[in-house]
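Here it is, the structure, as structure tokens.
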Amino acid sequence: MKKVITFGEIMMRLSPPKNLRFSQADSFNIVFGGGASNVAVSLANFGIPTQFVSRLPDNDFGQRAIMELRKYGVGTDYIARGGKRLGLYFLEKGAVSRGGKVVYDRNHSAISEIKRGMINWEKVFGNAQWFHWSGITPAISQQAANVCLEALNTAQELGITISTDLNYRSKLWNYGKSPSEVMPELVEKCDIILGGSYAAKKYFDIDSNDNNSEEGTYRSTCIKLMDRFPKARVIATSLREVISASHNNWSGVLYNGKKFIKAPDYQITHIVDRVGGGDSFMGGLIYGLLTYETDQEAIDFSTAASCLKHTIPGDINLSFTNEVEKLMKGDKSGRVAR
Amino acid sequence: MKKVITFGEIMMRLSPPKNLRFSQADSFNIVFGGGASNVAVSLANFGIPTQFVSRLPDNDFGQRAIMELRKYGVGTDYIARGGKRLGLYFLEKGAVSRGGKVVYDRNHSAISEIKRGMINWEKVFGNAQWFHWSGITPAISQQAANVCLEALNTAQELGITISTDLNYRSKLWNYGKSPSEVMPELVEKCDIILGGSYAAKKYFDIDSNDNNSEEGTYRSTCIKLMDRFPKARVIATSLREVISASHNNWSGVLYNGKKFIKAPDYQITHIVDRVGGGDSFMGGLIYGLLTYETDQEAIDFSTAASCLKHTIPGDINLSFTNEVEKLMKGDKSGRVAR
Amino acid sequence: MKKVITFGEIMMRLSPPKNLRFSQADSFNIVFGGGASNVAVSLANFGIPTQFVSRLPDNDFGQRAIMELRKYGVGTDYIARGGKRLGLYFLEKGAVSRGGKVVYDRNHSAISEIKRGMINWEKVFGNAQWFHWSGITPAISQQAANVCLEALNTAQELGITISTDLNYRSKLWNYGKSPSEVMPELVEKCDIILGGSYAAKKYFDIDSNDNNSEEGTYRSTCIKLMDRFPKARVIATSLREVISASHNNWSGVLYNGKKFIKAPDYQITHIVDRVGGGDSFMGGLIYGLLTYETDQEAIDFSTAASCLKHTIPGDINLSFTNEVEKLMKGDKSGRVAR
Amino acid sequence: MKKVITFGEIMMRLSPPKNLRFSQADSFNIVFGGGASNVAVSLANFGIPTQFVSRLPDNDFGQRAIMELRKYGVGTDYIARGGKRLGLYFLEKGAVSRGGKVVYDRNHSAISEIKRGMINWEKVFGNAQWFHWSGITPAISQQAANVCLEALNTAQELGITISTDLNYRSKLWNYGKSPSEVMPELVEKCDIILGGSYAAKKYFDIDSNDNNSEEGTYRSTCIKLMDRFPKARVIATSLREVISASHNNWSGVLYNGKKFIKAPDYQITHIVDRVGGGDSFMGGLIYGLLTYETDQEAIDFSTAASCLKHTIPGDINLSFTNEVEKLMKGDKSGRVAR
Amino acid sequence: MKKVITFGEIMMRLSPPKNLRFSQADSFNIVFGGGASNVAVSLANFGIPTQFVSRLPDNDFGQRAIMELRKYGVGTDYIARGGKRLGLYFLEKGAVSRGGKVVYDRNHSAISEIKRGMINWEKVFGNAQWFHWSGITPAISQQAANVCLEALNTAQELGITISTDLNYRSKLWNYGKSPSEVMPELVEKCDIILGGSYAAKKYFDIDSNDNNSEEGTYRSTCIKLMDRFPKARVIATSLREVISASHNNWSGVLYNGKKFIKAPDYQITHIVDRVGGGDSFMGGLIYGLLTYETDQEAIDFSTAASCLKHTIPGDINLSFTNEVEKLMKGDKSGRVAR
Amino acid sequence: MKKVITFGEIMMRLSPPKNLRFSQADSFNIVFGGGASNVAVSLANFGIPTQFVSRLPDNDFGQRAIMELRKYGVGTDYIARGGKRLGLYFLEKGAVSRGGKVVYDRNHSAISEIKRGMINWEKVFGNAQWFHWSGITPAISQQAANVCLEALNTAQELGITISTDLNYRSKLWNYGKSPSEVMPELVEKCDIILGGSYAAKKYFDIDSNDNNSEEGTYRSTCIKLMDRFPKARVIATSLREVISASHNNWSGVLYNGKKFIKAPDYQITHIVDRVGGGDSFMGGLIYGLLTYETDQEAIDFSTAASCLKHTIPGDINLSFTNEVEKLMKGDKSGRVAR
């Protein structure tokens, strides 16, 4: 099977154990994660040969990030080494009416100082069928945006399928350019777009507010996005209804230019870890589109996979195709397998 | 008070901390449990003099199992020592739509190689009033089934009350005999039978499917079981409705040949550990039948006891009669006692 | 800003990790807490200059209690040192239908042997605007009650606002006096009274049972309390509906002599730690009355603050004004802040 | 084999993990221990039928203490229940030049309020061959001393061998009597005395200082003790040379009225837990005197057993006869057994 | 660079935390290790492309073992999947005079039921330069020995360098053959032999006892081994002097047919984990022989690498060439690198 | 008593538990430390009123650093808030021949971007008697060096005693200036200088190598330093002999212009945590010079205090004057205090 390539940042995440607040913790649990690396791990867990491309410092923590990726079978052959530090982020888990809290400490990370030419994209895309990138990467720095474009140009030339998760983060984009100056050129090369109305507004000034309903808004966004980006074949989004920090409802929807296809609704009544929910949705979507014959199956797989992610500690979705398919087929019961 | 005897296997259970999956854990929490030993601990906690009979290896882990039983006041005087290993099982806790997972590693355990004559059953049953065994034990090996029969013959001769938990486990029964060849001879000696329609079908080919309702099926099973096993005075079962891996509803019902008696329903909205739920129901039932005047009280105690088990980590029910009776009397509030 | 003074006991709380019962734990988690010290920490977290007054032994654990208070910015300048031991309490966390359990081991603590004159109250109240004490303190010993009265007399002379949390604890009051002999003299000096019908009955023989409704009972209590204690300007109470040990509903109500003002209702569906809920309500109320112009805002702040407390491990409310105000303004969603 | 009886206090010991100081710890590790209970566990581990007699509160922690004793096979049939609290002590582990630190919190424990008649000593000593008590017990309270005497009188009448560990603790003995008023009457009934020059001076005003050598002092103490207590057949002591908190040298010596017999010297270069060293020496000595033919073997076993104790976390000596005998025979190598 | 292949078993190791005994632990730490897999990890850490060949069950724990190998960059392309269980072993860490303790639970593991033909050795050895196996593997079962021979025949045909670690384990070899029936045929194909006098005696009846000195014995063994196995170019052994379970002295020596070459002596005064010491010596030796020009450098590297292993928790040697070379060059100081 | 002021950086230190390497750890233990803040905590623990001056980000981790300081009684009144991040460092603990490892991640910390005028030094030094700064601070950035000079000018004008720890760190000083351009102007204002030959060479090109002995070198350095910096009254240094990462020998020496005064030697045979050893020496020296009459006592206190530091986890010296004085008086035994 031909490879999938993902490109972006992987960070070390530090979080207080249990429900402790930052001010109470005497230790941090360590996991590793990032938009594009989480997608890569999902795909590797689903049996897709995958390479994660990034830049990591040549120290113990850069090496540790590589070890974590290798553990899950993600290829690390094309990761550039260099730069001063690994990006970090701190996560305080929420509960009920107290929301979770993220403190980023990712400035000056190795990938923020990446330069064109550091990655040999022709070599990376040899025998590849799919390239995925996240809207977080061009938000980090001008250099990271440059390398994104460099990768996209090569991928497009080679006729590789391209997907993106728009992933708007307001705290980034502080290197002097607005997303609307950068993102259109990047997104127009994509076949698959994950994202919603808010990012569409911020990135492309697409205004699709439908006063009558959220669904109306979403449908309008999809249609306008596909209008704006004619290369796109699929626009998808996850649907999260936040009851509290401990209980979310979850679903997904896909627009293929012809119709809107919705996945079943899941009640995630006892969230274990919601970080990486969107990335696991993206990973499931790529797997679904690569594997199933129908878009319904693809969005169903994507939604079930990301539903399971919420029950697993850490950023990554340690669930496997048989488990996702069991849930996808309607077994929500969570019985003990013995 | 005369003793209760239980016979079966006790295993070391290893489970990842918190909600970690097997592939994430760097440590396992250790508890000990098994069908008949869990019943024994329940009874000892309720103040009933109890001996657990089994075979355990003569190594640190066999000794540790004995230490755990002694800690809770369970008699270990008649446990045979020998054999090569203690049975293990690994438990990955589920959450919401991700079911728990059990990996057994119990083949070649000491009890699977037990032989007739290793236990002096006449001595074991001296001053005993009740003998309990589980359908798991004859499923382990021909020898374990032989010793079950040996014990049942002696118990029956001595006029001791006999109870069983049918407990069908599809992964066992792989020593060349089907349950329907083995179980009828064993169950016909029992006064109290815990079990449902599925085991009745597998063990005795009792088909009681009522297309109209689950309750109809259950009622039909009870009547047919009592028909088939005329010695039985009570047929009971726990009723588990699985909303998710984190939320089950729970009740119990008892058929005494005259009428069906149901316990109240409990919503277990935040399960702590559901393993051992059935065993704690059995332990509560034996206590209830030994202690209360009415079958209603017996099934109510049994159901409340096993409801509490779901809030306690580990296989065993560390709850006490005053706590069970408080819940049984309707105080479901879970207020802080101070 | 002028200081708030609180007076009472701070104890070391020892609790088994996770959901373990006392008999299962191999370690205790350590936090520190007590009625008046929890109020002090709340106020310090909200930016109010606060001194906590108590008596602590001159050993490692008395010192540790002081370190914990200092960590949160609570002043410890007037804590007397001496006596033999720090009060302890053991907490077993409940779950669903299994209630939490508190075992006190606070007899003979340093504060129980406090004597009049050990605290220089004139000095303590210099530049102070508010004095808070809890009904637990006079329940400890005759000496503690004496020092309470001593403090109240001085505070009243100096025209300082006085608040109390009635906090009836049946296991205390065992030094030979009943609360009805001690409490009236103390409460009559108070401007703000937190407490409900049960304490009103026990302390002041105020019988306000309204057969028709709980709300009727509460309203009647407030009116009778204000009648009995004409100095009181505000009577308030938290409202806890116990669904289970894991799920409570929560609100608060305030009577200012003119009208009853109710806060919104909160569903605390996944309780992390309910201990200190009332103290965080009291702390929020003092802050609210000191800060906001309307009693509605005060009771809303108080209720939102204490709602958040239930999501934070330990006795104290580690939440800050911006967080409380966010919830108070209706954002119950618990989204991740990033 | 006839039983050994030990009488004294068992406490809950709380200690910070690793090398943390009291002020740093966020959790305590829990173990249980006390002079006479540690001796009981040692004996049970060596296969001697043993009953531990004490008084414990009728709460979760009293019950937990019993569970711990049962776990190791110590009989708890004669433990009286009642009183208000379990004695506690806090242990901060030392390292190198920083000594360990013990904070007692044992006042008002259940055994301190024991009364004559609460223990039926005739029943306790039925089928017993040996009674052991520690000098700590009469130091707790007048009542505890009274019950010690009550036990000793009965034991002597029944012709049971009696041993004591003098165990002087300066922080106790604060109920109005000095040890010299209490101890002589108790010790004169003993056949085996463990203790050294310091206790001999404090208890019996035996001054045996030999300016020339420590050994001279010790020999003189033994001879004078045997003179003073003619019933004594054996005087023994452990010899601890404190190099640092992490490194002690260890040996033992026994005087049988005829000669001084010394055990080999052990270098304990990496102490794991030195608490209970003396108790494990006492337990080893009782086992040795009961089992071996020569006093040399007895003191060798005792010394090797207590050497091993220093490598085991907790108060109790979880080592077994084969392990002690291996070390006693000279295998100090600490090779991996596989 | 051409690959190194190692073949053998990898097990899950479960050990109590800190210095706890098996009977005290409530959790086990999990690591993975085995003779040939430890060698593979060492080599991968030193930058040598390495494949580990084995048979692992197709369950979570077989998968986890693969994940651990991948994490360290060991190739797992040729691992056969199947069989019933992963081998386990339990390790109780020793201290001072208490030796460590290993309890094996590896019977019936997947590799014990491996069959000829399950591994395609021609494919495995494509582009390989070195094959390493351990004497533990043929000790497991007849089938495992058969596959060893199968591998050795292929390797020899292909002219690949072969090394073995004799590794005699008395508890294995219980499938009906003695090592002297099996080992000679296997060892005669080897170029590099690691092992000492004890294994030489057990396997080949080589008696080389020199009453005068241990060194004499070792020299005699080497000469006789090289005589007996003329293909061997290097005979090497690690030298461990056990002062206690916490302190070993360590060195290594190599005989190349011409002379005996000794590495420096290291005092390992505070052992962290001695398991895998020999395997890290073997891994270092292979690296050394592949990399350095002189046998002195090879044995120096091997000895320094395995010295460092003793300071690292787990079975595997997580040290890198720069660290080993720093120590090898004489910097034993253990200064903080900052 | 007049205040001591220290100025510098405080960082969050993250270290793997136990002896795990960075690549093995799944969690980090959190402590806080830094040269000048460690000195401040030492002084506060010794009862000296102390303020620590720094700049910290206005986020959870800046706040947490302040909470840690407050916990130990260090004043935080003059800490400026602002900037983007808290400096971090990662510490891998060494053992025996494996040295510890520090990975700094402190670039772009709040203090590196401090500006003149952010601290009101006149206000800071009100009622102060001593100002301490470390050579690490001017090594961070030009701005930090500027503020150092600003502080020193003010302190000198006010006649406050000034001390410095030269503390050369080769990985810093990368903002374009060498230490020899910056340090002379700062050090010439100091009364007390802590440091050795290496820093003297790097900072001031003082070459004092004595081929005959290390002591000769040290003496020569002191004399030349005092020549170069005539304001200095005392030059002191700690003496560390590194046997291994687990065992250091330790002492200290002081030159007062008249004579060299040496403290006793300590063997720290089982190091718990050596980080902060120099800072605790500095803190002890300031306390000693402020408190004792003789320089001998000062250097003895300083050395004993820092010896104890090595037995305490974390960067800070949690030991108290009575403990230091006990060791200083020669009690190295590490007996249990009970």
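Labels A, B, C, D, E and F are assigned to the chains in the order they are written; within every chain, residues are numbered from 1.
By definition in this document, contacts are C-beta pairs under 8 Å (C-beta built on N, C-alpha and C of every residue); 3 or more make two chains touch, one makes a residue touch a chain.
For clarity, every value in this text was computed on a predicted model and none was experimentally measured.
The set of chains touching chain C and also touching chain E is given as A, B, D, F. Each of E-F and A-E has its own count of C-beta contacts, and the greater count is at E-F.
Over half of the residue-numbered contact pairs at A-F are shared with one candidate from A-C, D-E or B-E, namely B-E. Taking each chain's centre as the mean of its C-alpha atoms, chain D lies 45 Å from chain F.
Centroid to centroid, with C-alpha atoms defining each point, chain B and chain F lie 63 Å apart.
Multi-chain contact residues of chain A (touching two or more other chains): 23, 26, 67, 101, 270.
Here the chains touching each other pair up as A-B, A-C, A-E, A-F, B-C, B-D, B-E, C-D, C-F, D-E, D-F, E-F.
Partner chain E is touched in their complex by these residues of chain F: 18-21, 23-24, 94-102, 104, 169, 171, 242-247, 270, 274-275. Residues of chain D touching chain E in their complex: 266-272, 307-308, 310-314, 318-319, 323, 327, 332-338. Here chain F touches chain A in the complex through residues 14, 17, 22-23, 25-30, 59-61, 63-64, 67, 84-85, 88, 90, 92, 101, 103, 105, 107-108, going by the rule given at the top. For chain C in complex with chain F, the residues that touch the partner chain are 67-68, 70-73.
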